[in-house]
Amino acid sequence: MIKQIAILGASGYTGAELVRLIATHPGMEIAALGANSKAGQSMARVFPHLRHLDLPDLVTIDEIDFSGIDLCFCALPHKTSQEVISALPKDLKIVDLSADFRLRDPEAYETWYGNPHSAIEMQGEAVYGLTEFYRDEIKAARLVAGTGCNAATGQYILRPLIAAGVIGLEDIILDLKCGVSGAGRSLKENLLHAELSEGYHAYAVGGTHRHLGEFDQEFSKIAGREVKIQFTPHLIPANRGILATAYVSGEAETILGALMADYDGEPFIEVLPLGEVPSTRHIRGSNFCHIGVVADRIEGRAIVIAALDNLTKGSSGQALQNANLMLNIQETEGLMLAPVFP
Amino acid sequence: MIKQIAILGASGYTGAELVRLIATHPGMEIAALGANSKAGQSMARVFPHLRHLDLPDLVTIDEIDFSGIDLCFCALPHKTSQEVISALPKDLKIVDLSADFRLRDPEAYETWYGNPHSAIEMQGEAVYGLTEFYRDEIKAARLVAGTGCNAATGQYILRPLIAAGVIGLEDIILDLKCGVSGAGRSLKENLLHAELSEGYHAYAVGGTHRHLGEFDQEFSKIAGREVKIQFTPHLIPANRGILATAYVSGEAETILGALMADYDGEPFIEVLPLGEVPSTRHIRGSNFCHIGVVADRIEGRAIVIAALDNLTKGSSGQALQNANLMLNIQETEGLMLAPVFP
Amino acid sequence: MIKQIAILGASGYTGAELVRLIATHPGMEIAALGANSKAGQSMARVFPHLRHLDLPDLVTIDEIDFSGIDLCFCALPHKTSQEVISALPKDLKIVDLSADFRLRDPEAYETWYGNPHSAIEMQGEAVYGLTEFYRDEIKAARLVAGTGCNAATGQYILRPLIAAGVIGLEDIILDLKCGVSGAGRSLKENLLHAELSEGYHAYAVGGTHRHLGEFDQEFSKIAGREVKIQFTPHLIPANRGILATAYVSGEAETILGALMADYDGEPFIEVLPLGEVPSTRHIRGSNFCHIGVVADRIEGRAIVIAALDNLTKGSSGQALQNANLMLNIQETEGLMLAPVFP
Amino acid sequence: MIKQIAILGASGYTGAELVRLIATHPGMEIAALGANSKAGQSMARVFPHLRHLDLPDLVTIDEIDFSGIDLCFCALPHKTSQEVISALPKDLKIVDLSADFRLRDPEAYETWYGNPHSAIEMQGEAVYGLTEFYRDEIKAARLVAGTGCNAATGQYILRPLIAAGVIGLEDIILDLKCGVSGAGRSLKENLLHAELSEGYHAYAVGGTHRHLGEFDQEFSKIAGREVKIQFTPHLIPANRGILATAYVSGEAETILGALMADYDGEPFIEVLPLGEVPSTRHIRGSNFCHIGVVADRIEGRAIVIAALDNLTKGSSGQALQNANLMLNIQETEGLMLAPVFP
């Protein structure tokens, strides 16, 4: 039976990416598209690249009848998301793509996001959506919190290494290079083409990026002690892609072994042979994540690099993968699209 | 039954694009990948974005056993293509993506390509691969000649207008803007990133582009008299996409009517409402073609604009669409992927 | 003696480009920078690339003392510009970069810009700033109206040809390809990097672009009769550059002759040998304009292509060239910077 | 008196950049342009962006009469450079832009470059061309070895910090992001626009990049002990620019103090206020280097980021700055061009 899907926040990039992926998903049908600011418009007008699809028009969230909906993706800004989700039916399956339910500790949420959480009880209920590591919990969950796209990339590198105890915990450095679609469709001077094209820079330098809240929570949990990494994202003049370069202490071969063991059989994680490194151009538009390990010339030091598409594996693809699990559909359904190169 | 597919010239961009599309095609399996210059390498090495697929290694064309192959895509350079195809089994179904079998007249071939044709009898046998206009012939064909990517774009605009007699034939101007992947993976100084990025220019100016051979052949045939258009392509710093701007004499509404009539029911051609214009970003990575019509301020003049992806609808997507027809598979199979935006 | 310069609208791209050019101009000093919306900020904050310069802070226009100013560049939006300029001292030399004083006919202004002109008497006083064609008037002028950047490019191709009577006037088609900085630093969804990068499209199709007002005025004046051209601009994913492709009836060699005659001795206009075409990458960041002529395969038809940098020769470079003339400085001073390639 | 300049290797990007800079230099004149592979061609043909200049045609190096030459820039590939320079007049002033004379130790040269040095005595004579730190030696030198562009960027960050003893020496990590023009105008598949655009990746991972030879030599010399850093360059889809992110142990304010002390009065090095970070878009096309310092959330850790243009401050601009010193011209002459933004 075809599952009926609603998408809230359908006028943003992650909303559009969900529609793109679901368009060829044989087990899902888009029943409602919510977007308060553009309610009344057709999706073809807001996103002409989806013009060939037979989609419902955008409506306000209030106008949606959730009674026939099997699962709702919520691609709204954080803070708005917790308010909207609080008001949805309590038995509705939800995959939230915002930051609102990623952190389990209300205090941590307030520290990183600057406002008290208004749905603390749901924070406890939510399952963290990093599929490969929370698969069983996600299958059983009602509310899944999609991870940050940078947070996902860093974790794909570091979780297996921390869990296996093959790297030092005191000197982990994560240098990220992110494409601009990660910033969303918001009108900011520094996101204009003329500002970004042909230039690049670091941002949120010094440990102020909010995805550190996720790193702190997850890495400390795995290690059984506080783990704090250094993390600097850089904005790159490309639309899609995250490349994470991790500098760690440890033996490259042991590290590669830990990654291969953890990701053995995973459909979307490709661990490269020792010495090979990934490129964002080789995962663009797809749900795949490539990870490579190289030994440094300095003994006992290694570089681990991961690449994924922030809108797909880092966000909407992850969300669909989780929704498949929650709806008892094959996990890879709708997600085996090959990357688009060149 | 799954059809067995061979791809010759698998180390080029159109070869890779064929693999990308067939990767999620339920009715086809890639049985052989030929690429003389890179024989012996794995596809993952030549195209790391296809790393997740279970593909045969690249081999020389001579090494391929064609006995179990249902259809062969030939994505070789022109001239090479006619030589290779001449030597293939005479009952093998072939979709050729080169220029070698596009022109019916051996003299026209020699004029535009500079060498005599070495397989003139097959030139006569080949069917021109512009699906929407040669569908029945393609279904019955053994050898289909894929069109030039620029030639396809221009014809999607002009064929219905010439056929319906709604535009003047003496003053047709076609100004094209092409992404760089159309030039292939060849090592030329003017295709380097540092040369192309942030700049753009016209090339083959003055009526010297080879795709004019196709325009001349097809438009004259439709009109029943000689039709010669002006055609200038421009190279744009983007990887994929062709945007064709046609300047014609005629009434915009009549022109739109002719397009809508011809493309009614076509799965991949989207005719936009009067006054709307397409963008290459809205068809990127897909098999769709968007066409828009606008009336000029000068009475009796109109602008018709089409956008498609040169590697998909302009080349490998078209080839797969034709292969589906030749193999009695549903025409749209494997081709309904939504465009990738942003 | 060093001339004292004020720039109003210094927080936009054309304002920043003026500062860049004047930075190495030996005969000018920037005495005041006006920008109401960012008043109080340092220029280094608004434009960090100018950080090495010793510049006055941004102030409101009201705060500027014009008594010691020799010349004022006005880089404000149209409509604002006419209001601000009306209130400036009546003997102040002004180069206006907005559209407000380009059209001599108040009715034509209202038609193209949608509001009545509020400084009609100054409209009459203003000299049109296309340096090569209004040099003597500019030298004597108090108020010079900078041309539209697209309008400049089209006129560099067509003025000599219309004046010499070497092309037909009924079928002139101008297809433009523009970089995104021409749209300015305004916050619009369609100017975001994620929207523009890797895609391109036509805009203001059908004869609705405001620069047509300039074409109509100037070409009709030269021809001594009404001349209306077809003009379609396209937005290209590059920051700087305009490439104009003109399709005309006429003999290529005669056309080239007319261009060479008119531009003989011009320091910034480079007419290429017959058959060569320009590229925007070869004029980027400079005040040069390259023009090439090619005969079409259709007898009596030719293509003429021009390239210039919209921010330099199309706007701020032109403005400085005119200011040099108005201040009796050598015309090329500060403007001989070579293009930046790659 | 105008100095007569020769440029060998004038058909590459650094050669063209030298011509661009010298074009507006009042104290230099280009007397000879050598480029064996393109000898006989005009510079306008090889680099149309220099078309407006009155330049000598390209000749073979053998054809150049060095008797009237005051200084020769050598922009040839390494290995070729040492052979050519060995054969030049022994009293000719030379600025070499290749890697051939950067390393003082012949063994280190052979280790990093794979071939024995053929001009070992000149290796000893050569002065390392990092202007701010070898100014006096450069003034007196006959042969100056331009630094690697990545090597320059890293040293601008780290030299003052190592010299002042304000950072730990055991855990220095340098993550670089480089534009593609650094790879030169060579025909490699991975430098094609279609390969690079919209994608990015690390290369020479694990401590294999040749510029490490320079880091090792210089940092160990300053520290008086062996210093080995970790260094990973990444290729970014932009034409110009290097952004270096250094992760160090030390106090941010102390680090900033050391940088400000060392660069006080330097015309081209801009140290930003604490907490601000540079962007490559703000130095593009110029000889400026911006450096910013940020404290990490982890006590005792800091991030220092530098940006410069690889073709200007990282190569040809540096070379011209050194040539000015060697010819007793004002150091900043020809180099105060403001960055090109947007």
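Residue numbering begins at 1 within each chain, and the chains themselves are lettered A, B, C and D in the order written.
Criterion: contacts are C-beta pairs under 8 Å (C-beta built on N, C-alpha and C of every residue); 3 or more make two chains touch, one makes a residue touch a chain.
Since the structure is predicted, the reported quantities are computational estimates derived from the model, not experimental observations.
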item	value
Chain pair with the higher count of C-beta pairs in contact (A-D, B-D)	A-D
Chain A onto chain C, rotation angle from CA fit, given as a multiple of 5 degrees	180
Averaged-CA centre spacing for the pair chain D and chain B, given as whole angstrom	45
Where chain A and chain B are represented by their mean Cα positions, the distance between them in whole Å	36
Distance between the centres, which are taken as Cα means, of chain D and chain A, whole angstrom	39
Residue list for chain A, restricted to those that touch at least two other chains	13, 181, 194-198, 237-240, 278-279, 281-282, 284, 341-342
Chain D contact footprint on chain C (complex, rising order)	13, 16, 19-20, 23-24, 47-53, 181, 197-198, 239-240, 268, 270, 278-279, 281-286, 288, 290, 311, 336-342
Chain A partner contacts - residues on chain D that touch it in the complex	171, 173, 175, 177, 194-203, 205-208, 212, 228, 230, 232, 234, 236-241, 243, 245, 247, 275, 277-282, 284, 294-298, 301, 303, 305, 307, 341-342
Contact footprint of chain A on chain C as seen in their complex	13, 180-181, 183, 185, 187-189, 191-198, 237-239
